[in-house]
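By letter and in written order, the chains are A, B, C and D; residue numbering begins at 1 in each of them.
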Amino acid sequence: MSTVHTVLSAPTAGAVPPVPHTAGGALVIDGLNAWYGRAHVVQDVGFAVAPGEAVALLGRNGAGKTSTLRAIMGLMPRMSGTISYAGCPLHRAPAHARFHRGLAYVPEDRRIVPGLTVRENIRLGLIASRERRDEDTVIADIARTFPRLRERLDQMGTSMSGGEQQMLSIARAVAAGPSLVLLDEPSEGVSPLLVDEMYELFAGMKAAGTTLLLVEQEVERALEIADRVCVLDQGRLVHVTSVDDFRTDAAAQARWCAL
Amino acid sequence: MSVAQTVPAPTGLLARRFGPVGSLALALVFLAVLPLVLPYTSLAGTVLVMGLFAAGYNLVFGYAGILSLGHAAMFGGGAYTTGLLMLKLGLSWPLAVVAGAVAGALVGIVFAALALRTRGIYFAMVTLALGQCGYQLAITFADVTGGDNGLRGFVAAPIEIGGLVLDPAQPMVRYYLMFGFAAVALAGLARVLVSPFGMVLRAMRENLPRARACGLDVRGAKALALALSGLVCGLAGSLYAIHLSTVPVDTLGYHLSGQAVMMTLLGGMGTFFGPLLGAALFVGAEHLVSDVTEYWQTVVGILFIGFVLFCPKGVWGTFEGARQP
Amino acid sequence: MDITLDLVLQQAVTGLALGAVYVLVAVGLSLIFGLLTVVNFAHGAFFMVGAYAGIATHEYTGSFLAAGVAAVVVSALIGAFSERVLVRPLYGRGIDYPLLLTFGISYVLVDAARILFGRQGLSIDLPEALQGGIDLGFGYFPLYRMLLVAGTLVLLALLWLGIERTRWGLIIRAGARDPLILRVLGVDVSRVWLAIFAFGAGLAGLAGILAAPLRGATPEMGDGVLVSAFVVTVVGGMGSLAGAVVAGFGLGVAVSLTTLFAPAFSDLAMFVFMAIVLLVRPNGLFGRAGLLS
Amino acid sequence: MITETRSGPDRRRLLAGGTALLASAFAGRLSAQGAEPIKVGYIVPLTGAYGADATIQVKGAEVAIARFNEEGGLAGRMAQLLVRDDKLNPGEASTRAQELIERENVALIAGCFGAPMLAVNAVTRQRGVLYNPVGASDAIVSASDWSATTFHEGPTPFMLAGALARYVVPTLGGSKRVALLVSDYVYGHEMVRGFVPVATSLGAEIVGEVRHPLGATDYSSYFPRLLAMKPDLLVVMSFGRDQQITFKQATEFGVKRQMRIAAPQLVHTARIIDGHSHYEGIVGGTGYYWGIENEIPSAKAFNDRFRRMHGGQNPSDYAAVGFASVMAPLIAMRNAGTTETKAVVAALKALRYDLYKGPQHYRACDQQAVQSILIITSKPPKEASVKDDIFKVLAVEQGSEDRLASCAALGHKT
């Protein structure tokens, strides 16, 4: 059974133990600052995510959640501070090198490449992978895990519904078997039915040992899967707590996460 | 538009340090002393003409933030109009110069009507094509224009102002007559830049989508910028005709359009004094370097690459930027 | 003089040969714009570099194959150097600066050719085997030009296959639409850009040496070609390969037919044609959706 | 910054730095002391497509300066050559001409060809400076551009094309069908005006005239049409690159198998670059070929002097005319005993000279140099005596005023 399948599927009887292709480790962020032009969108943020843990990054619109994820992936035009993953400093590495350290990023706007079929979009997820695995096998695995994509493999990626595109974006991001997945608002604009499916997938990934850092607008959804919660407000990290504490803390929810 | 994104931290429409009056005064003093410091007057004349051309081009490139590669059509249009009016109708040269400026503005309006449908690099290419059309027309209708030999045979006769006879055949006299026209044009340009229209240009340059969202008539503003730019560039071309006593067909060629970009960039786009300084540097460097070596193009090319890479705000832009509080 | 069908056909075939050179230059230009959003004003200089490198190699080796290889390699290397050292620092600063920079590069390259090979230009003759012509039924046509058209078509077919079917092709197609997602998926985009710039320059160099037997080589030979290639890319739609191919051959034929009916206007025709296309379709025939659209 | 050039661009004195800049600003005024040299401004396109011709032309001018000075100058006053590069850009040429007049106070401007020639003429005319350009042009001697101080040393397109027609049309067979491929600019049109009347008067039928834009790089699209006209002779009325590429592609299209090719003006440098094969069988005109030295003593004298000064190289057409454009006015100055323009003009008008190819003089109405035209064809390398023996002289048409465009046709009052 391929690595990808292991990462994606819930552990079932007889499943191979989860072995992400890069050894997982803790993600440690310290003193992170990031700017868009003159706008200082992330201010002195620091937190850590343990291996295999799922952390939800919460906060209002514009709180700096997306920018934090982008900074971790190396996509901000200007940033300072340190980011390390599994003991390796990442903050100086370009985005593509972070991918090779086992990071995967599912962007908010999905970024399905127009003009490419679903299959080609998934192939894109494998294209830079240093482990040369048989593409067809991987795509077959993915098709099994994402039944919605199976019958659409040769359709244009952008012709699918928003939810299906989100599935494709996730499938593409995890095709190479990452050990840490950064998810930016996966449920946004997706029908509730598909969101259910998606969160089952996340649960499976987590169970398979993949570390998750999840930005989510729908707090309830995020709490279903997260172990811990980090709350951002106006670019600053204002609150770190366990899921159970946060769930019962109506005041905190109202203060930082209410729309 | 791209230029807007590429200019880091624009430094006001007129030099903040010098203010509108100061900038204008600086430009005029610069041009006034030019023939006294340069090795010969005709070089100063070329710098003046090219400086005015770059200043007119800067209105579009530096202030409105659109890249045109066809401004030679306005320059050449002005030059040919002046030459033809003098040659065919015997018009006195000051009137012909004014008419040339108007012709430049008309070319600008044609550009606006035909090219503003397109944007970005497409706009640049359409203007390049329109410019080439002008060049080809001049070649094709050689009977009127003199073709590749250029338009010639017109002479700028002496004029009398209050008993004082000024003969353009005298290099210094001609220079300061040209200076008079340039001074009026630069003063007009400075006035435009501090007007509400100037503010619209600034808004467009700094944030085009926002300017559009604010209900500014972006296309109208661009069209007006092109027309005014054409007026100044047409005047520059007209003065060039007087300066050379002939109109070479190269005044319509795309190399000249490219030269406008280079001069503006070299001096500092979006600054008032920059294009004048850029023209002086460009024309001066070309003359000096080509006196020293036949391979002046290499030197000019490397200089140019260096500016793009390390000094994108141009000489004056950098100077001004450095002096900002 | 009567204008017969034979004459029109001959003229059209001639136009295809003319278009072949346009296409080779324009495809590289389009690739570079499509992926890097760099308007490469040095492309004409790469064309010239190819011609000179090829002719110089031919003088030493006497081999046309070696000349072709040298043309591609030298222009690709110069292209790669230009991208890596000069163009790269300008990414993210809009299209104007790279445009101006490449303009400067072409200045230097043209002058370098003058210094190394003199101003008067060089000449190269076709090998015996490629001289002569063939009868197409409606007229005589030079063999070399037929081969030029055929070779260009083969090259385009290979390029198409490469882009549609290979891993590199997938990277190119995705890179033209969304370089960010490529980076996120582990692709070092800067290496892709380097490769594309070198490849485009190499294609221009190839076109240069292929055109050299027809028109000789001069330091300024790239000027006219560059302008034509720009017209082709703009008419086709910047960044669209299909557009470059269609517009390249189309403009070749259009210019050729204009020479038949109104010879003095053949230069003007190209620009008028371009202006009209852009007025009707401001983004060119094949829009700016992206590569191969 | 000035570049005082006595012996061409390769020995330019290089002034650098701010001091030099300052010094140069006053150089013009200071040099008025002592035996003031006779300054000759020489404006040529050293950079640009005709750089090779311009460079060898400067060598020709250097021969003139050297000869004049060896012969004692003008009562001890030596001549000095000031070379300026116009980059084939008329604006640059005009500025340079003004510089030479204002700052150097030159006695003569010579050399110019191409579009800058007329731009400089506009300046010298306005300023009353002696001017003797070499470029092939009829416009320069036409009434509209005429200037009392302008002489024209080079042959005109009218003369070249007429001489070609007189030679080549009688050699055609019975039908004498002639097609023209014309570069669509002033020079091309002037060629047509010189060629067609002569050719038709000799029984030729002009079966078609195809015009192409100046600077076209592909002539293939013209050949089907030209071939369809079925002419016996194709006359290529273009210059420089245009002509070279036309010849190349004509060979490629097998044009020569169906018709003969001629061109009013063949240039040495182009033939050297492109080699014999593309020029094979093509007949053309030129103002000079060094190979006439066995018949003409002045040619021998000029060639020897040129070879001596320039490492054994033979002079080209441009070298020769570049030489004469400086030599003739210098001789006129010596004859006049002054460099004062009016006197020199009178001396030039009266001058009968034989400097490099037989007797010449300037026609009164337009001050065009009346001179012989050579009809040449390419010489195969195996017949060549030395490496730069590239042409065979087929005929020499002696200079005569009636071979020039008539004064009336040029708009001069007669």
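In this section, contacts are C-beta pairs under 8 Å (C-beta built on N, C-alpha and C of every residue); 3 or more make two chains touch, one makes a residue touch a chain.
For reference, the UniProt names are A = ATP-binding cassette domain-containing protein; B, C = Branched-chain amino acid ABC transporter permease; D = ABC transporter substrate-binding protein.
Just so it is clear, the structure is predicted and the values come from calculations on it, not from any experiment.
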Identifier of the chain whose CA centre is least distant from the whole-structure CA centre: C
Longest centre-to-centre distance from subunit B, chain (CA-based): A
Centroid distance [mean C-alpha coordinates] between subunit D and subunit A, Å: 76
Whole-Å gap separating subunit C and subunit D, where each centre is the average of the chain's CA atoms: 37
Distance from subunit C to subunit B - Cα centre to Cα centre, in angstrom: 32
Interface hub residues of subunit A, defined as touching at least two other chains: none
Overlap residues in subunit B, where contacts from two or more other chains coincide: 136, 140, 297
Residue numbers of subunit C (touch at least two other chains): 114, 264, 267-268
Chain-level touch network, classified as line, ring, star, complete or other: other
Every chain pair meeting the contact rule: A-C, B-C, B-D, C-D
Subunit C to subunit D touching residues, read off their complex: 1, 4, 7, 10-11, 14-15, 17-18, 114, 118-123, 125-126, 131-133, 139-140, 142, 144-145, 213-216, 218, 220-221, 224-225, 255-256, 259-260, 263-264, 266-268
Of all residues in subunit B, those that touch subunit D in their complex: 37-43, 45-46, 136, 139-140, 142, 146-150, 152-153, 155, 169, 171, 240, 243-246, 248-251, 287-288, 290-292, 294, 296-297
Complex interface listing, subunit C residues touching subunit B: 33, 39, 86, 89-90, 93-97, 99-101, 103-108, 110-112, 114-115, 227, 230-231, 234, 238, 264-265, 267-268, 271-272, 274-275, 278-279, 282-284
Residues of subunit C defined as touching subunit A within the complex: 92, 167, 170-171, 173-174, 177-178, 180-189, 289-293
Residue ranges of subunit D touching subunit C (in the complex, touch as defined): 47-49, 51-52, 55, 184, 207-208, 210-213, 215-218, 220-225, 227-229, 241, 244-245, 248-249, 252-254, 269-270, 272-275, 277-278
